[in-house]
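Take a look at these structures.
You will see two complexes here that share chain A, one where it goes with chain B and one where it goes with chain C.
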Partner chain A sequence: MYKKKYYGLKFVVPAFILYTVLYIIPTIAGMIISFTDWNITRPGVHFVGIQNYINIFQSKGGPYLASISHTFEFTIITVILKTLLGLGLALLLNKGLKSRFVFRTIFFLPYALAPLIIGISFVSVLKPDGPFNTLLTAIGLERLTHSWLTEASTALGSTMAVEIWRMAGWNMMILLAGLQMIPEEYYEAASIDGATAGQKFRKITLPFLRPSLTTVIVLNTIHGLRVFDIIYSLTGGGPGGLTEVINTQVFKEFGLGRYGMANALNVVIFIITVVIALSMQKALRGKESNE
Partner chain B sequence: MNNKKIAAMTIAAAMAASLLGANAVYAAGETITIAAGAGWVKDIDKELAAKYEEESGNTIEWQVSPDDQYENVLGSKLAVGEGADIFYTRSGITMNKYQPDKYMMDLSDQEWVSHYVDWAKEGTSYDGKVLQFQTWSVDGWGILYNKDIFEEAGITEVPTNFETFKDACEKVKAIGKTPIYESGAAQWHLGVWLSGMTTQTEADTPGFYAGLNDNSQTLAGQDGLAKALDQMVELNDAGYFGDDFMANTWEDAPGKMASGDYAMCVTYTTFPAEVEAINPEMTVDKFGMFPLPLNDNTTFGVSAGGIGRCVNKDTKVADAVYDYLNFLARPENLTAYYEARLDLGPCSLNDIPGNVPAAYEDVMSRSSVSGLSAEDGILYWDNTQVGNLMQGMFVAGSTGADVLQGIDDLRQPSFG
Partner chain C sequence: MNNVRTLKKIKRTVHFLFVSVCSFLILLPIYFIVINSLKTVEESRTLSFAFPEVFQWGNYTEVIKAASLVRAFGNSMLMAGVSVIICIVTGAMASYVLSRRQTKLYKALYIYFFLGLIAPVNYVTTLFTLKFLHLQNTYVGIILEFGTLGIPFLVFLYYGFYESIPRELDEAAVIDGCTPAQLFFKVIFPLLKPATITGLVLNFLGAWNDFVTPLYLLSDNKKLGMTNSIYNFFGEHFNDWNMIFADIVLTVLPILILYLIGQKYIVSGTAGAVKG
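Right after this comes the complex of A and B.
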């Protein structure tokens, strides 16, 4: 009887082979290469142990530590703001508003666009004479205008803002799905008991929403740590390396033909992502099961 | 047999037939693959290739990659044995990045080599062997200036050192125009400034490049270069690059110079033709050029000839490749090529005059000496990476000395 419940080997093996060939082998190969000095400008590939990793943590040969620092900064701020904005939008568009379906679509649309396209578009929007500054000037806020992507004080923040704009709708959708799973009766009972809106949010909405929040926070963290395309298209890691993140550095290392170092950086971000994502998931899920 | 099986077999048979059919088309001749960056392949290259296909029965297959990814793609393909039969690279020292002994065919015995002008032969040679077929042109980057704006600003003498350059900038600023259009968003363009300045160091201390290339010399400690970099910050602080120059793009440079709002720009010598194409009133004779005046430089850094075609040592169609290169080297085809490529200067082969822009003659006449710029003279120099470090001077407060140390740090891993 149980035999029928399991897929036969003929279903499993092709998927396993594909996964092994396309993912597991390249990942292991990348890890092995990270212990070599493979560089297209030199003949031969030599085993160098953990030298590439030492160079990364000493920032020798590139601004590696600064890239790691920018990656964390980008991740922490975008995770917080994307989640909060997504939650705000989800609460706003959950019910009541007649045109909520139209707004949901509008807010979700940026996620449907390719990050590279968004990046290229925002380069124009955020130019000193671009539409954003024109708008600020038109409403009397000229003193707030900046060369957003090329000034030290605004460059990294601008890339974060674009990422938040792009992903807020996606966060909203996941949290909306969570909100709609909450039975209406709880709110009705709470209202009869005289609960305020804030109390209902804290005692009903948030606890029920925790699984969805766990999902968006963990996925936002993974997206943040692995950010590449939005930064590459907006600033290319510049100006002067102020928006350099690990993956733009990986891209540059590949461009310079330093495959050993590029793979070492890849392994570093892979390990950081796995450790942080699993820890967060464990911590957040743990709280869920305690409740 | 059900309908799905019949449909699947029919599709498979059709695909097999089309593949066989495709092979049959090429059976009459060889297929020559050519790898290049997208910006390096112009309409005239495609036209000549089509003409060759018609004449020879061989087929040319282009493998074009975006410019900023091409070097990476080329290096990877060569490393795994999948390099194209012909691949484009920069001439000069850049060829060394691709292990010439391993991947590049010795072309010294080809007939067209005997027609090479000196700079072309020098720029395409490695270890005494000619490794490239080169039909670009020697050129360099200097300060292009608008003669009318200079006259309007009362600048009677073309700047010859940093002080007179600053005076000129101040006078231009005083008439309400921006002295210099600098595309700060294009990191490579910032790198061009320093790449041109190393020519001065090599002229002052011969063997400087050789020392850098055998890793016995560093850029750090070169006071003249550090001073030149710091002077760029001085220019910016004085407002000579205009507002928000870090947002300026290179793509806008021809239009900005054509607008008449900017007096100067660091460009190559054929650039005025691009300006004239945008604004026919801004004719090429309205522009002059002088060497980069930072650190009182008077040398003119030039390229090793631009982009050349290397032949893959592992090509299976060497005879067809040689035949194609001989076809391109015919005088009528070279003439057609240089007539179409008005962005190029003098021809690399001595049978054809090519184009010698007025700005080239102007800057050469104002230079004490010309020599290879860093991009073609210093191994593992990358203008984009250098420009990235230079941006730090304008946004993060780093100094010229920091930039030079950063370049050393970037180059070091490539020496092992």
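Right after this comes the complex of A and C.
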């Protein structure tokens, strides 16, 4: 009865206007512009249908396909390693150690730092004469030293490593929250029945962790597909375009004034992200309710 | 019995040592940056872990001047501070109504906002939109954009919290003669302090650390915050590692303080995402 008056739409209006004008409208406008040849070096804007998309899938005008495949490679590997390392850290720091709170703070710290700053810092850390190689040499692994960010074989892997360094602790925190919701009695009962540590992990820990694991996997995927700052500051897409991802490509096209193409790439990453995130959410959640 | 105890002790020690070694992977790069920010240019170019011959505290005063860090700090505070207030107030208000009214329209609106949590931002057309509104390269434009970027997360964050506040409280306030605005701002909103602090800390961090938004939307160097000024400084002084690191330390310092004070809230915010 009082609902209409007290929970009126006018409370939604400020957020709705901001969000619509500065998020939804640009997103839709981008989709429309992606069907044009808008290019500041040429006069006039014409509809060209799906020409930009055809160019993307033929890599005409830039290493588009390569950047899409780098984005996938980056995403898949970082998602797996971030999640596994996060899980490992969470299990190590769930209980037992008195100093676990200090360690949690340390591992979580990189998440609070700007990815750009982490990128710039690791440019120095990963230099040929930088501290990482110094450390490798010091422990006798001199043959493993590389010019990490400029060698073709290590550049993309190095950017992944830095991203994993940055986010493993964040994965740990979310998974820790999940671990702490598991009632202790389950483990006690299992111990009485003589279950091994491995059995307890598979039969108690993992099923309980499924919601948190779903969350970190989906969010890690979104973060991976969106990657920009880390790559832009570490390699700028180099060497020879080997670490170019979709978002660095968008920025390049934007800088060249090729707005039609920049938007087409944006639409590609938009669709990929939404489709993957939603279907992952469904798949991972679906299993959960089947059990 | 004694054997079991020593075994436990050994286990615990190995556990502790292993975690310590892992934590060095995080701490060493941080140590490296701090120690090198206190060296002379020549010393810092060797990129070593060694202590400096003489601690060069002067690097900090020098970089504050060279990189115009006072202005950049002011810009960051202004942009992050105001945008956080905008997204908290608008997000909390919207989320309240959306969670209290479960009609089709309101559910659809919730999904409409939720989309912003998943889908990436199109900065190119965002720039066009700001140009159209004559807000490109202005503080107002970037503040509104930062505020907007925070809205989906806050709608989502508050949504869960509102469900834990009994509706009877609303009814009592209505019977006591509260207006809709009084009900929300005087009765409901103060109850959400934990959510609000979480939102404050996370969105402040997000705006302070955001590099890509100003990269697209702000071309006036005088308006850049600390994160983006570092990038420009890095480009101009790419071999003066001591200065770059001093700049990094000063930019991270406010964030570090916020992190240590607000850690509890950052964690509960990230963990809160699990429930969704």
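The rule is simple: the second predicted complex is superposed on the first by the 286 of 291 C-alpha atoms of A that agree within 3 Å, B and C clash if a C-alpha of one lies under 4 Å from a C-alpha of the other, contacts with A are read in each partner's own complex, and residues count from 1 in each chain.
Quick note on the criterion: contacts are C-beta pairs under 8 Å (C-beta built on N, C-alpha and C of every residue); 3 or more make two chains touch, one makes a residue touch a chain.
What you are looking at is a predicted structure, and each value in this text was computed from that prediction instead of being measured.
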*asked:* After the superposition on A, what does A:F108 contact: first (chain B), second (chain C), both or neither?
replied: second
*asked:* A:A152 in the overlay: touching chain B, chain C, both, or neither? Say first, second, both or neither.
replied: first
*Now for A:A277: first (chain B), second (chain C), both, or neither, which partner does it touch?*
second
_Which superposed partner A:L92 touches (first chain B, second chain C, both, neither)_ = second
*Where does A:K127 make contact in the superposed view: on chain B (first), on chain C (second), on both, or on neither?*
both
*Pick one for A:P207: touches chain B only (first), chain C only (second), both, or neither.*
neither
*Check the residue A:F254 against both partner chains and state whether it touches chain B (first), chain C (second), both, or neither.*
both
*What's your read, chain B or chain C touching more residues of chain A?*
C
_After overlaying the two complexes on chain A, where does the chain B footprint on chain A coincide with the chain C footprint?_
127, 254
*Considering the complex alone, what residue numbers of chain B touch chain A?*
68-69, 71-72, 75-76, 78-79, 96-99, 102, 184-185, 187, 243-244, 246-247, 380, 382, 385, 388-396, 398, 409-410, 412-414, 416
*Could you please specify the touching residues of chain C with respect to chain A in the complex?*
12, 15-16, 18-19, 22-23, 25-30, 32-33, 36, 46-49, 86, 89-91, 93-94, 96-98, 100-101, 109, 112-113, 115-116, 118-126, 128-130, 133, 144-145, 147-149, 151-152, 155, 170-171, 174, 180, 183-184, 205, 208-212, 215-216, 227, 230-231, 234, 241, 244-245, 248, 251-252, 255-256, 258-260, 263, 266-267, 270-271, 273-274, 276
*Would you pull the chain A residues touching chain B in the complex into a rising list?*
37, 39-43, 55, 60-62, 127-128, 147, 149-152, 155, 236-242, 252, 254-258, 261
*What residues of chain A sit close enough to touch chain C in their complex?*
2-3, 5-9, 11-12, 14-16, 18-19, 21-27, 29-30, 33, 89, 92-93, 96-97, 99, 103, 105-110, 112-117, 120-122, 124-125, 127, 129-131, 134-135, 165, 169-170, 173-174, 176-178, 211-212, 215, 219, 222, 225-226, 228-229, 232-233, 247, 250-251, 254, 259, 262-263, 266, 269-270, 273-274, 277-278
